[in-house]
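As written, the chains take the letters A, B and C, and residue 1 is the first residue of each chain.
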Amino acid sequence: MAEAAATPARRSGGGAAAALPSWSGTALRLVVSIAVTLFGLMALTFLIGRLLPLDPVAAILGDNATQEAYEAMRAQLGLDQPLWIQFGRYVGDVLRLDFGTALTTGKPVLEDIARVFPATIELATVGILIGTGLGIPLGVLAAAHRDTPLDYFVRIFGLLGYSTPNFWLGLMGLVLFYANLGWVGGPGRIDTAYQWDIEPVTDLLLLDTAMAGQWEIFRNVLSHIILPASILGFGALAYISRMTRSFMLEQLAQEYVIAARVKGLSWMRTVWVHAFRNVVVQVITVVALAYAFLLEGAVLTETVFAWPGFGRYLTNALLAGDMNAVVACTLLVGIIFVALNLLADLLYRLLDPRTR
Amino acid sequence: MSDASLPTSSLGAWLRAPVPASPFQARMQALWLGWRRLRSNPPALAGAAILLLLVAVAVSAPLLATHDIYAQDLTARLRPPSAAHWLGTDDLGRDIYSRLVFGSRITLYIAFLAALIAAPLGLVIGTTAGYLGGWTDTILMRLVDIFLSFPSLILALAFVAALGPGIENAIIAISLAAWPPIARLARAETLTVRKSDYIAAVRLQGASRLRIILHHVVPMCLPSVIVRITLNMAGIILTAAGLGFLGLGAQPPSPEWGAMLSTGRQFVMTSWWIAAIPGCAILFTSLAFNLFGDGLRDILDPRHG
Amino acid sequence: MADPDTSPLIRVRGLRIAFPSPSGPIEAVRGVSFDVGREKLGIVGESGSGKSMTGRALLKLSPKAARVTAERLDFAGIDLLAASERRMRGLRGARISMILQDPKYSLNPLMRVGHQIAETCRLHQRAGRAEANAKAMAMLEAVHIRDPRRVFDLYPHEVSGGMGQRIMIAMMLVTEPDLIIADEPTSALDVTIRRQVLTILDELVSRRGVGLIFISHDLNLVAEFCDRVLVMYAGRIVEELRAADLHSARHPYTQALLRSLPRLDQPVEELAVPTRDPAWRDGPTYRLEALA
């Protein structure tokens, strides 16, 4: 059902969200399933790392290294070993959370990612709040007023969200709202003037400044985040409103909706109290997936807004051919994706009394 | 009613006949019905119109272009739209309108080639997994799940990073990221037809598995796969443009829209049109595929409407 | 409602329901007229005869695409055709209710059944939570549910079909409405529990002096359960008769329906399948007495 309903989306859930029969005996299956998926993620990222036409040895030593130095480095990197041994070492490294050193920064990749990740989390979270806060009501109202101008508006708005290149929208937004109207802060997370006034606790600047009561800085941070987050949220809104609408249409065709109206409930109360209750769980699944898609959108949006986050880090690594960083970032996104799918699946089982 | 001696005046009657007399007539009737449904769906019609226009522009690009798309003219750089340059000029004084016209060729080339690689790949893997079942199914679907564990842009980025920048590599990377959802869809469709009586009948006649899959299962999956790939084209175009924008797709001086946008980015604060125009082109193309794909789904795949 | 015994609860005259289609409007109900008092009226017909459409039109809950017209559509002196949606909401559930076919689909799967019953009370009687819950509990008892306290907190998927339909009856009768429309209330149930559910419905209806419109395709059942029967065919009423006088039916369609039913006192080799006569579509209507 979720598969069919998710058709308008670019795709439905990933691996771990496959239907599971019951609580009993599920735990083992789940663990095996996650293990296999993670193993597959590692195999795929390993292969991507090996496909590289660049010579990693030459990338480190430069082109005019001696033959001996070259061989020594090759051995040190383990590149003289058979592929399956190399893969074994890679798996071992990953399990020890050792992703090697990033060529671009000279620091361990994991340290880099830990540093840039809060910026992306903050951006994506504000984005999903905007996308969910608008997307769910719009989707519900569009379904409740099917084939009215409101419905057409929501559908067209959603299709635009699907079709607009977010990096372009970001550029246009900067031109209009920053350069011309001056309504929002420019690129970056914060004005440089405030940069050193923040006591980093969570590295989520909105949270940090709010906790410290630095409301002036808070406003500055907000003015920077609002545009990129809205643009990311627009994509999430498109997905969420569209899925919510289709879930709601399915529910509004049910007999219990007639029963509720027979009881004398108003249409809006029927929609929100009776029908919406039945789509909440599905919508939560969609929101979890939308959050994962935001990470994808963040790669391009962060580039446009010079947002010092995960997406820009990945882009820089890609352009520099820094495979350690690329592989680690890709693997991380895969793991987050699987985790969000799993979370959606668990929420489904927890919240729907029929699965208990 | 024979179709050979059909006078044109009764074509409508022939198409509307309640019981078709030949497979050909049945097929034509299905097409006619599809066309009537499409006609009553203005958004889908608009999408189809934009796509037709795009194809027409791509085919007749040399006729439509007013300037040489590579000719630089540093005396006329960053000009706003005017009579001489309908959509202005870029930082090297090249005519944006002409580059946009030729860029449509690249966009269509990427979209169709990626679809041409991803659709058969996904179809074959999905139908094989669904029809054979057992271990084949488990292994192939696990593979699909692993690919689906990455957002498609991230996967395409990783592949491009590994293969090296360039338009061909971008197409390969996009295709590699685009086949898994199609495989999953084809498998789901296969599971619904696998148990049907007509498949059992063909099997009893001694048809090989390969023959059953290719001649009887694949055709049943085609409508929904076509719908999905049309909707995916919108995403493929956005991904290709994103790769071009990051400098990992088509390389300068190619007039690929994403790459044009990327150059426009440096001048966006002063010369907004350099970035705005190719972005609009990407938006309209992607929107057209989405509109048309939605309409196609209503026609071919009414169950999911 | 000055004189409830003589003035009918519902007065329908010339009810028509049409749906637009590419080849012009299609009429599902074509000029139906009848009265209902505090009695049990059966409406019988095959699927597509317009009997359910007629039932829903009385609540003004026809599908959005439907175009409903009538010369008169009155309930207890209220002109339903002119009534606003707000007015209708006040009537629905409070004075006119409807029991739907299949409790599997007509109860909200994610609401505890007790709350679904109490909701009707809270809506119409401005009852507080505790009072509404108490009423719901009493109502569960009235439909012969043995352990109402336990059942109150169950979800619909946790109760059987028979119990589900009794909950549906409780939900629709808790506000003590004047008229109940029961749309095939037993056809989704197991044959063995139909009787039980009908008995409960009969008990409540008879005791409270409620008007009942019983919609069914089952002529035998209707004849046994109701006082008066309307036979519908192709969107029209073709015959009206007293349930007791069923075998003296005059319309060939009713006669054909009767012949298609097995009878213990008159065994036959093969039951007749009713053949339809196109002339019935616009043929005469046999009535007990002319309508006012």
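In this text, a residue touches a chain if its C-beta (ideal position, glycine included) is under 8 Å from a C-beta of that chain, and two chains touch if they have at least 3 such contacts.
Going by UniProt, the chains are A, B = ABC transporter permease; C = ABC transporter ATP-binding protein.
Worth saying up front: this structure is predicted, and the values here are computed from it rather than measured.
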Supply the minimal count of touching-chain steps required to go from chain B to chain C.
2
Would you say A-C or A-B is joined by more C-beta pairs in contact?
A-B
Maximum centroid distance from chain A, chain identifier (CA atoms):
C
How far is the middle of chain A from the middle of chain C, if each middle is the mean of its Cα atoms, in Å?
52
Averaged-CA centre spacing for the pair chain B and chain A, given as whole angstrom
25
The positions of chain C in contact with two or more other chains are none
By residue number and range, which residues of chain B touch two or more other chains?
none
Name, in rising order, each residue of chain C that touches chain A in their complex.
59, 61, 89-94, 97-98, 100-102, 105-111, 119-120, 123-124, 155, 157, 168, 171-172
In the complex, the residues of chain A that touch chain B are 3-4, 7-8, 10-15, 18, 36-37, 40-41, 43-45, 48-49, 51-53, 159-160, 162-165, 167-169, 171-172, 174-175, 179, 292-293, 295-296, 299-300, 303-304, 314-315, 317-319, 321, 323, 326-327, 329-330, 333-334, 337-338, 341
Within their complex, chain B touches chain A through residues 142-143, 145-155, 157-164, 180-181, 184, 188, 228, 231-232, 234-235, 238, 241-242, 245-248, 258, 261, 264-265, 268-269, 272, 275-276, 279, 282-283, 286-287, 289-291, 294, 297, 303-304
Parts of chain A lying in touch with chain C, wherever the complex brings them together
254-256, 258-266, 274, 277-278, 352-354
